[in-house]
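Dropping a structure here in structure tokens format, bear with me for questions.
As written, the chain order gives the labels A, B and C, with residue 1 at the start of each chain.
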Amino acid sequence: MLNTRENRVFQTTAHIVMMLVVLISVLPFLLVFMSSITEENSLIVHGYSLFPQKFSLYAYEYIAQKGDKILRAYGITLFITVVGTLVNLLLTALLAYPLSRRDLPGKKFFSFYVIFTMLFNGGLVPTYLMYANTFHIKNTIFALLIPTLLLSAMNVLLMRTYFRTSIPEALIEAAEIDGAGQFNIFFSIIVPLGKPILVTLGLFAALGYWNDWTNGLYYLTGTKGEDLYSIQNFLNKLITDIQYLANAQFSGGGAQAAKMPSVSIRMAIAFVAMIPILVLFPFLQKYFEKGITLGAVKE
Amino acid sequence: MKVRKWAPMFIMMAPGLIYLFINNYIPMAGLVIAFKKMDFRKGIWGSDWVGFDNFKYLFTTPDAFVITRNTILYNLAFIIVNIVVGIIFAIFISEMVNKHMKQLYQSAVLLPFLMSMVIVSYIVYAILSPETGLMNKTVLPMAGKDPVSWYSETKYWPYILIIVNTWKGVGYGCLIYLASIIGIDRSLYEAADIDGAGKWVQIRTITLPMLLPSVITLTLLNVGRIFFSDFSLFYQVPQNSGILYSVTNTIDTYVYRALLQLGDTGMASAAGFYQSVIGFLLIIGCNWLVRKLDRDSALF
Amino acid sequence: MVLSTMLTLTALTGCGGNKEASGNNTGAKDTAHKVVMAISGEQQPGQERVMAEVNKILKKDLNMELELMILPWGSTDQQIQLMLTGTEPLDLFRLGSGEAAGYISSGKIEDLGPLIDKYGKNIKEALGEEIAKSANINGFVYGVPTNIERDSTPSIEMRKDLVEKYDIDITQIKSLEDLEPIFNKVKAGEPNMTMLFGAGGVNQPATRYGGFDSLGGFGGVLANDGLESTKVEIRPATEQYKASLDIFHDWYKKGYINKDAPTSQDEPSVVMKAGNTFSTIVGWHPAYQNKEGNYDVVFAPLREHVLHSGSSGYVTLGIARNSKDPDKAMQLLDYIYGSPEVMNLLNWGMEGTDYVYIDKENNTIGYPEGVNDSNAEYHLNLGWQLPNQFIASVWEGSQPADVWDRMKEFNDKAPKSKAFGFMFDPKGYEAEITAISNVNEQYSRSLESGSVDPDEYLPKYVEALKKAGIEKVIAAQQKQLDEFLATKQP
């Protein structure tokens, strides 16, 4: 890169803007964390602050009472995230590659077939009936893995666009002339050269699994179901329970709600849900970086 | 030759296509619910047909115009802002020389993406709450200004919602663009350097044109969702404040509030069906337009 | 495409119409019939052990088994809704007047009327003839009420220490106006304190203050608790509503009510505990706690305790359409209404392990040595969701031993709205109700928290309701109510 004046101005502007972005991204997190260690009563009386007056770990103690359940939930989340992401990526890439070929017979039909699923959906009730009553996935680990999250039409199309624009067609054609099979081409050309998009969409798929609580809400019920709660299900339950009880119209509601520290615990919950990602982030980042740069090296 | 070439391709596609068939196409049969008066004793097929009765409430309401306008305008704003901001960030990050700073910036853009909208609504509340919020308690007094009752002033909310949506969502597009920029052949830039082209010219003549296919794909897909809105963003983030409805009520929040008491499956399906049909028509139209301009970028 | 349609058909026909096939009394005699009952709460580690004990009793007396399904508070409604669309085993579950109309019109629940007549001996004894079948819409009985308070007394709950400090004579509080000088006095001494706390959808001052029979909440109301007139009116158009809102708005302007009342999601108990709040309006009843955290609280009634149209239908147990055998489900339900043993087991667990008698004569119980709130294996403490807590033991310290006698008196003594026992059937007015529902959401919290000027917003509210078609709904409500009243007074 040339060290011209224009480039220097560009770099400086970029740094200033991005530093602002860092600030805007990190400060709210700090606010969440600070609120979570502020004493409940102090929060209600003095309000939210980055420099709280009175500290308390009560919210974390409250969550820690359920320590064994939390560990279990983390385990389940980790499992579904890893397995789900791998399967998701494989299905997505296997579908996206043929769709990226300009000469695929029926290309238009298949593309439309994929896009249509983004536009129309049968709604919750029919989906639930099929999964719960026909496939019987209720209260099994499949309930967290299969519905909705296994393949996203959006990601298929993004990956298709990437394959089409960033992987030279000549490369594939040359391999075909050499007599390479399509699976061979897929694994030796598409996957290595597609790394930037694979890593990016893999990250999104992983986040999808990590952050999902709706599948658990619909398909996990009762004692057996709650044993399979992912961390988000667990935390979401705490949050919605507090909300529900605070607005309960019947007798027992207020008394139940008063037992829970509501304001600080919401923040603590939010923070607990993010800790593992924050911890894993540098590693993910490294992979991410590696994947992206590897993909960029061509030929 | 042909068979040998394409048969493996169809095998590759099969798992994905089958999954979509099960997860998406089979439940689509349930769309008939939108045209039925559901009686679960009789089952979905046995229930009585009621024509377009379930759709009526979407159009007879005096709010029909407001909710449609809000939904469309917000989505348009989101699409445009997310593209512009996403591309700017992606270019900035991709051009960073310092590797550590690059990583830091990447994380910063992604960080808000990790949170659920419910948590975001708590953060917004912690900042804007009239009695305990950071703004009224700390920031505004420091600036010597009077406190603002954020949750009862409509004029701020279009900005707040766009900022929140961008803050939380820009990471998605940004990373897609980043991946595309990295996929651009480096020799193009090297050639430009030799020609003495400056940064700005390189961005305009190489980066942006190469990003166009991704931008078009993302935009087309978002146009298909233009009648849908993120329920949590429009319901939880404004704390369901009644005074703000004129600028926060969208089709999804309207339907939710409408069916609070009735809980009617048919009417809920009707709303979804209506949103889908509009999205479908729009995407067909836009795709046709894109096809005319650039055959390759069309979705189908 | 043919294939797809076929697959679809097989996939979706599972959802209904095949009850006859799986039919009545097909189970072999030696296996007990299992009834599934869903309620909300926290999972109990000792659930299996306690249910085994419950089932010993049920097997012996009824040749049945009970499976208790505990669902999380916040997702119960959604999970039950979904289960009711499918074929999963579910017999008994909690439902309230809010969901009833929707459940009935979509065929998700059984009509309990005939079943109560057939098997409801204990139910009728525990609740009385009138209440037993009172949770109905147009004669369709959607649930059996659990034994709890029927409505409540709108009362002001105040911190006892402050009442004493400022020398307030609470016996002098007879109405809303009497609170003004009290707030004035306390505010002068405690300038940073909230005098009256309001929040959420149901804890706003004016919401709690009540004073209307809302006829199920679909639009029209009867003014003055329905004690005098049976004319259905638009609530925001009544003088009574405006009079109370004027007071609350005045208080809001004076800084008595918390600024964030219209958007706050906090539960009053939590806020009272924090120590920055003097009072809040609550629905008082004899089982109401008189402590908020470390603070003792005192109450003064602001209105009379009146039974409204839906009073007995808020918490009921209904039978799902999924039930393989509604007759048996009702038999089992009726059995629990009359069994202190089963009630104690369900609510408090097993004697010796989960609780011990503290005073056998007064029927009060408490934790055994070494057991407490945080390590208890089974301590449901959700009597209000279970059929009949009035016959179970009372937990020492939480309530006076004679609480259920007081409760019975409280329920029996209250005057009844003229519309008591009436429920509006919203069928045919769905489009109007959805629009009204949106308008109410838009205006009610802002107004009922006192945060906006009634002079400006009430006319807007009424106008919006009229545009949404409230007059049509009110006419229908009036017609149904008149018919109901005609059958009531022969």
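Keep in mind that, in the parts below, contacts are C-beta pairs under 8 Å (C-beta built on N, C-alpha and C of every residue); 3 or more make two chains touch, one makes a residue touch a chain.
Keep in mind it's a predicted model, so treat the numbers as computed, not measured.
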Thinking of each chain as a vertex joined to the chains it touches, would you call that graph a line, ring, star, complete, or other?
complete
Have a look and report which chain pair racks up the highest count of C-beta pairs in contact.
A-B
Taking the mean of the C-alpha atoms as each chain's centre, how many Å separate subunit A from subunit B?
15
Distance between subunit B and subunit C based on Cα centroids, please, to the nearest Å.
38
So what's the Cα centroid distance for subunit A and subunit C, whole Å?
38
The positions of subunit A in contact with two or more other chains are 44, 125-126, 129-130, 236, 239
Of all the residues in subunit B, which ones touch at least 2 other chains?
25-26, 29-30, 44, 129, 131-132, 265
Among the residues of subunit C, which are close enough to touch at least two other chains?
11-12, 15, 85, 265
Would you tell me which residues of subunit B are touching subunit C in their complex?
21, 25-26, 29-30, 38-46, 56-57, 60-63, 125, 129-132, 149, 151-152, 239-243, 245, 249, 254, 257-265, 267
Where on subunit B does subunit A make contact in their complex?
5-6, 8-10, 12-13, 15-17, 19-20, 22-31, 33, 44, 88-89, 92-93, 95-97, 101, 103-109, 111-116, 118-119, 122-123, 126-127, 129, 131-134, 137-138, 167, 172, 175-176, 178-180, 182-186, 193, 198-200, 210, 213-214, 217-218, 221, 224-225, 265, 268-269, 272-273, 276, 279-280, 283, 296-297, 299-300
Spell out the part of subunit C that touches subunit A in their complex, as residue ranges.
10-12, 14-15, 43, 47, 69-75, 78-79, 82-83, 85-88, 96, 148-149, 199-203, 265-271, 273-276, 282, 285, 287-289, 292-293, 314-315, 374, 382-385
Under the definition above, what is the set of subunit A residues touching subunit B in their complex?
1-2, 4, 6-7, 10-11, 14-15, 17-18, 21-22, 24-26, 28-29, 31-32, 35, 43-44, 46-50, 91-92, 94-95, 97-99, 101-102, 104-105, 108, 110-115, 117-123, 125-127, 129-130, 146-148, 150-151, 153-154, 156-158, 161-162, 164-166, 176, 181-183, 186, 196-197, 199-200, 203-204, 207, 210-211, 213, 232, 236, 239, 266-267, 270, 273-274, 277, 281, 285, 288-289, 292-293, 295-296, 298
List of subunit C residues in touch with subunit B within their complex:
4-5, 7-9, 11-13, 15-17, 19, 81, 84-85, 98-99, 101-103, 105-108, 217-218, 258-260, 262-263, 265, 321, 426, 430-431, 433-435, 437-438, 441-446, 451-452, 464, 467-468
